[in-house]
Each structure stands twice: as structure tokens, then as C-alpha cells.
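In what comes next, subunit A is part of two complexes: it sits with subunit B in the first one and with subunit C in the second one.
Coming up: the complex of A and B.
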């Protein structure tokens, strides 16, 4: 599905990603952890074209997307959420999901009442139902509490049925109960049938959703494998957990 | 006498509404243009030339003026839409001043019935008499202005409910996020600038034919600043916002005798006050959202 080869990106002389290699197979769900500033979000930004790579290659299903525009990459089937939530605050909850359909093939610039448009509206409602926001679909998105805004972002990312889903701290700022709900939502609804990379500090969410775990430190991959094994590695404990054993 | 005055004021409100809607459309996509007066001017001259010098019918002159304004907007849009914020604003201001200065030296006259007709640099362009020659009364012309305004406003209201309108609002709120919904932001911004140019152009063409005389200094930056202020006062949540802004300025402030002479001070103060208390105007997105919600409830209750 996704193959990253020798990917590097630096900001003002500081290497955020350094010769990173990562291959993700079809249907795989990979957790990505690492200390703050280890390059996790930079990796998402480079994959989605927000930042250009300094060197290296990103290949999505045998297609080199290293130099593609963000819009082009989305149309090829990658969707993401953001660590610092990005939603359209001045639009309603329903509109925030609806907007992701605008660039689907066959969608016109007006919104008529054709059968196809009705089906698309029903799809928006179905997604809102699934993430538990159906009863607040007409509320302004900016007025939702943070956990609901994260759920809204997830619904929006799923609108285009992306082949590859990138989740950037989907449970950021959530309580343990909310995190558990989000983990269940990801596991049962978002992930089935697609490939996924999840950045998260909360190891219980990772262990709940991911079959594989990668650890980044200073822009390099220092571990990659089954979560149980990776979390026992000495350098991972040192870099990520300051030497303490994980509680997950 | 009073009736003529009233018709003139109401006509002015109508014509200025076009340039207010034009600036509003760009505010919706998140850009502040100080240059919408340029498209108003291009169309005023262009349509005037078409009717007074080439003998075209008024409707064709209007259409020509609006298209010319749209073309000028396209020329501005291509190099400038990648600029953001202040840089875009300065670029539009520079363009508009350039257009004004070109009209200061633009001379193109032909002899019609022994008289020279056409733009004559800073002396302006006289005798754009098409509506008087075809015996359209001031009142009838006011109806034409409002007929066209209604068409444009309906267009804006359709736009607001459409995916294209949503895309414009998305760009205004977060261009990068919009790009990440698979949309080419640059293309849609160019489209918005061109549409705004056409809308300003309709107003410019109507203005030239009512005034029968245009000169470059009418199209100075103050016209563009007013156009911007109307949206900021009235609100950016709906196309009715800028129209309310126009009505407040021309309809209310100009008609209150007590503040005559201080109008600009009151107007400026009002803009400053609103930018502090309601940064996106009276009818901002939250207000419009609330109103739509009440409207839906009302309709449900009556059915």
C-alpha cells in the first residue's frame, strides 16, 4: 500500500526526518509513537504534501506521490486528521462532513436534489450516526466539545472512503473513558477494510487498534514490530518512556 | 423634487450594493481587496464606450462592461491569488490605482453629430446618454437597477446553499484544510475574483449610465474602502449583510440631517466599533446559523 524510502526533511538545519524507511502492507494498522519532536506529525505532513520532502520517495500503490500536491494526494485515496484539530468552526457539524465530498468525481458545484445527491447526503448522515454526532448535526462545529470535534474530524476523513487513513493523536486531550470510546470507534468502524497509521501517545489506544508498532526518535525509526515486543526494547524504553516499563 | 431626490438615493443604494457584494465575495474567501473600484471603473468606461460611441443597445453595453470587468479581474487574479492577507490587499490596491491612472491619460474620442464623444483623460467621459435617448425615466431605471440586483442576489443565495459557496467559505476559513479535501484552492480563488469582478462591473455600468458622466477620480480608493466596510458592518454570514451595510451608510447616515458633515466620522467610528464587538459584522455566520435554525423550527411548526 505505502512505501517510504530514505525520506528526509529538515527545518532550518534541524532534521525532522532522517532517511526514514517504512512499508505498510494492505490492511495493516500501524501505530507510530515517539517523543515530542521525533518527526511523527512531520511524516504525516510530508506524506500528505503539506511539506515537501528534501530527499527520498513516497510510493502509494506503485505510484510515486513524493511531488504531488495535497489535493492530488487526497484524490489518490489518503485522508488524515490533525493533531491540532482542524475543522471549519463557522460551519455546522453536518457541513463539516459534507465538504469532503466536494471533490469526489461526479459531484457538481451546485447541490441539487438528484438521486445521487440524496445518496451523498444520506452517506453524511450515516457517518455522523456512526461517530455519535447525529443529534447535533445542525450545531456549529466550533461549539462542540473537543472529543466531539475529534470524532467529527474522523467522520470527515472517512467520507471519501480512503484506502490509507492517517490519524494524528485521535484521542489527544481526551479522558480515559473518552479514549476507550475512541479506540472502539477506530477499531470497529474506521479501520476495517483499510490501511491505517495512528500517531498516539496513549498506549492503550495503540494496543487496542494496532497490530504493529513503529517508534521514531530524532526523525529515525528505532523500532518496528509487534507492540508487545517493541515496548520491551531497551532503546525504546529509554527514548520514549524514560526507562520506565509501560503500563499497557 | 423630493421624489427625484429619493429615486436618486435609492438608485445609488442599488448601484453601490453591487460593489459591496463584490468586496463581500472576496471577504468570504478570506481576502481583503482594496481594489474592487477598478472593476467598477473598467465596466463604467467599457459600457459607456459601447453605448455612446459604438451605438450598442444598453443591455448589450451592460453585458459587455461586466464581461470586461470579469476579464480584468482574471488578469489580476492569476498573478495575485497565491498571495495571502496583506500582500493580496496591497496588490489589489496597486492594481486599482494603476487602472485609475491609466484612465487619467486614456483618450479615445470619435465625432458624433459634430461633437467629440468619448473618454478624454482626466476631463472624464461625458454624454453617456443611452438611457435618456431611449426615454427611460429615472424611476424606470431604478427598477432596472433593482431588477438586476435581485438577479445577482438570488445568484448569491443559490451560491450560499451550493457546494461552490461552501468551497468559498472553506477557503476563507482554512485554505490548507480545504486543499486537503482534494480541492484546488488556487482555481477556486481565481473563480471568486472573476465573479467578484463581474458583479462590480454590473454596478459600474449601471452607474455610468445613470450619471451620464464618469471621471477617473470617482474610482479612487475610498470607493473600494466603502465597499469593504459594507460587508464588515452588515456581516459576512450572508449576502444580505453587505446590503444592510449599504443601507445603514447611505440610507440612514446620509439621511440624518443632524449628522450631515460628520457622516464619515460616524461611519468610520461604526466600522471600528463593529470590528471590536462583532468582527464579522452584524449578520455573521453564527447569527445566520441561528436565524436559519429558528426558520426551520417555524416551518416545522406551521406544517
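Coming up: the complex of A and C.
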């Protein structure tokens, strides 16, 4: 599905990603962890075209997308959420999801009342129902509390039925209870049948949703494998957990 | 009292054309966060294209109106390519300054091509005023108001009920996030410019046909009126642009009646002064200003 080969990106001489290799198979759910500044979000930004790669290649289903524009990458089937939420505060909850259908095939500038358009709108409502926001669909998105805004961003990412879903700290800023709910939502609804990369510091969520774990440190991959094994490796414990083994 | 109400009604009619001008300004500012200073001169060129069609072909009102709008849109596209598309990111001042330079260029071109400076412009309608109880309405003012109202309703429909409107609002609120929705941000900005120019073209036609003449100074006049109306309503707010235009029209009409014609523009500037002192965000933009001030305090 996704192949990253020798990917490098630096900012002002500081390497954020350094010769990174990563392959994600169809249907695989990969957790991406690492200390702050290890290059996780930069990797998402380079994959989605926010930042250009200095060198290396990104291949999605045998198609080189290294130099594609963000809008072009979205059309190819990659959707993402953001660590710092990018919700449209002045739009309603429903409009926030509706807007993400913009470049789906057959969507025109002047949406009519065709059967296809009605189906698309029904899909928006179905997703809002699934993430628990159906009763607030007409509310301004900016008035939602943070956990609900994260759910809304998840619904917005899913509305295009992306082939590859990139979740950047989907439980960031949430309480343990909210995190558990988000983990269940991701596990049961977002990722089944979909290829997914999840950045998250909360290891409970990672271990509940991901079948594979990849650890970055200073822009390099230092471990890759089953979560149970990876979290026992000495260099991972040193870099990410400060030398202590995780409780869970 | 009858005079006061009559002035208010006249002002609303006049203000509806200001509202169209302000909508053009605010649409571009709302989407691009940049000020297009050559907006007035662009629609002035459109009006001169209409004049040319009238003088050369003795065309009817509809053809002149169409020529004015098409002329304004073509010049608007020229401005967008030169001052906004070419310098899009992080250079709002550069765009504003270059649009000022294009203003000078457009005015110079018109002065050279139309050396007589003042040209006749045919009226849209020639009919006796309509009497309604103690009130009188000029037919051209009623047409102006009806056109402005229809266009405003259409714009509301476009922005609130179509996917293009949704995309435009998305680009306006967060252009970077709009990229991740798969929205072609450049195309949306371009279309916003085209719509703003078309609104300006219609406003130019309605105003100039009511005046019966056109001069190159119309560009300056339209820029001032549009900018003031936008500032009164709140920059970037469409409802604000409408309210600002109507308020400006009413204040001007009252000042003409009670103070004299020479105080018309002065009253507009005084009104703007009051707003800048006591409500700098305008009628609808005060919340945004307060948010900005709160953010500055946090910094």
C-alpha cells in the first residue's frame, strides 16, 4: 500500500527525518511513536505534501506521490487528522464533514438534489451518528469541546473512504475515559478494512488498535515490529520511556 | 417626519449600490485576507467598456450592462493574475501595493483612450417617479434596490447551500486546511475574484446609469464608497457589507437633505471616523477585533 524509501527532510540544518524506510501493507494498522521532535508529524506532513521531501520516495499503490500537491494526495485516497485540530470553527458540525467530500468524483460546484448527492449527504449523517455527534450536527463546530472536535475530525477524515488513514494523536488532550472511548471508536469503526498509521503517545490506545509498532528517534527508525516486542527493546525504552518498562 | 422617512428610503436605495460595492471588496478580503485597491478602477474600466458599446453601437441597456459586467470581470481577472495569484503567500502588503499601482495604470489607460474625460451614459429606465402615499421613489432607484436585493439573495444561496459556497467558506476560514479537503484553493480564489468583479460591474452599471455620465474619477469614488461601506459593516463580513452600505446610504441621504449636497462625502468620512474610534470592527466584525485584542493581551 505505502512504501517510503530513504525519506529525508531537514529544517534549517536540523534533520527531522533521516533516510527513513517504512512499508505498510494493505489493511495494516501501524502505530508510530517516539519522543517529541522525533519526526512523527513531519512524516505525516511529508506524506500529505505539506512539506516537500529533501530526498527519498513515497509510493502509494505503485504510484510515486513524493512531489504531489496536498489536494492531489487527498484525491489519491489519503486522509489525515491533525495534532493541532484544523476544524472549521465557523461551520456547523455537518458542514465540516460535508466539505471533505468536495473533491469526490461526481461532486460539482453547485450541488443539486441528485440521488448521488443525497447519498453523499446521508453518508455524512451516518458518520456523525457513528462518532456520536448526530444530535449536534447543526451546532457550530467551534463550540464543541475538544474530545468532540477530535471525533469530528475523525468523521471528516473517514467521509472520503480513504485508502490510507493517518491519525495524528487522535486522543491528544483527552482524559483516560475519553481516550478509551476514542480507542474503541478507532478499533471498531475507523480502521477495520483500512490501512492506517496512528501517531499517539498513549500506549493503551496504540496497543489496542495497532498490530505493529514503529518507533522514531531523531528522524530515524529505531524499532519496528509487534508492540509487545518493540516495547521491550532497550533502545526504545531508553529513547521513549526514559529507560523504564511500560506498566501495561 | 415624512422628510426623515423619505430620506431613509432614498438612502436605502442608494445604499444598496454601496452594498454591492462593499460585497465585492469584502468577498476578496474575506477569502484572500488582502485588500484589492484597484477594485474601483476595475469596475470603472468596465463602465467605460459599456460606454464604448453605447457610443459605437448605440446598443440597448441590456447589452451595455452586459458589456460593463464583462469588462469589469476581465479587468478583475487581470488584477488577480498580476497582484494576487503571482504573490499569494505571506505578502498581503505587496498585493495591496501592486493593486494600487494597477489602479494608476487603469486610470491612465482610460484617460488616454477616452480623452474627453466625461461621457454620457444612457439611463436604465426613463419613467416618472412612483408615488406611494406621502413617499416618492425614483424608478431607477427601485431597480437598483431590486437588483442589489436579488444579487444578495443569490450570493447567500451560493455561499450557504452549494458546494462552491462551502469550499469558499473553507478557504476563507483556513486555506491550508482546505487543501486537505481536496479543494482547489487557487480555483476557488479565482472564482471569488470573478464573482466580486461581476458584483462590482453590476453596481457600476446601476450607479453610472442613474448618474447619466461617467468619468475616470468614478474608480476613486467607487473605491472610497466601497471601502467605507465595508469598514462600517466589518471587513470580511457579507452581512456587514450589506448593512454598512445601507447605513452609509441613509447617512448620506440625511446629510444631503439637512446639511446640503456639499456635506454628502464629509458625512461619510465623519461616520467612518466615529466607527474607527468607537467600533473599529464595524457592525459585524467587532467580535473578531475583540478576539484579536484578547490574543494580543495573551502574547
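General remarks:
Simple rule for what comes next: the second predicted complex is superposed on the first by the 248 of 248 C-alpha atoms of A that agree within 3 Å, B and C clash if a C-alpha of one lies under 4 Å from a C-alpha of the other, contacts with A are read in each partner's own complex, and residues count from 1 in each chain.
The definition used in the following text is that a contact is a pair of C-beta atoms (placed from the backbone, for glycine too) under 8 Å apart; a residue touches a chain by one contact, two chains touch by 3 or more.
No experiment lies behind these values; they were computed from the predicted model shown.
Partners subunit B and subunit C clash in the overlay (superposition on subunit A).
Legend: residue contacts after superposition of the two complexes on their common chain; A:138 is shown touching subunit B, with no touch to subunit C. Contacts of A:74 after superposition on the shared chain: both subunit B and subunit C are touched. Of the two partner chains, both subunit B and subunit C are touched by A:48. Of the two partner chains, subunit B is the only one that A:92 touches; subunit C does not reach it. On subunit A, the surface touched by subunit B in one complex and the surface touched by subunit C in the other have residues 48, 50, 69-71, 74-75, 80, 86, 88-91, 95, 98-104, 107-111, 160 in common. Residue ranges on subunit A touching subunit C, taken from their complex, read 48-50, 69-71, 74-75, 79-80, 86, 88-91, 95, 98-104, 107-111, 156, 160.
Partner subunit B is touched in their complex by these residues of subunit A: 48, 50, 69-71, 74-75, 80, 86, 88-92, 95, 98-104, 107-111, 138, 140, 160. By the touch rule above, subunit C contacts subunit A in their complex via residues 161-164, 166-167, 169-170, 173-174, 176-185. Across the interface of their complex, subunit A is touched by residues 158, 161-164, 166-167, 169-170, 173-174, 176-177, 179-185, 285-286, 289, 293, 296 of subunit B.
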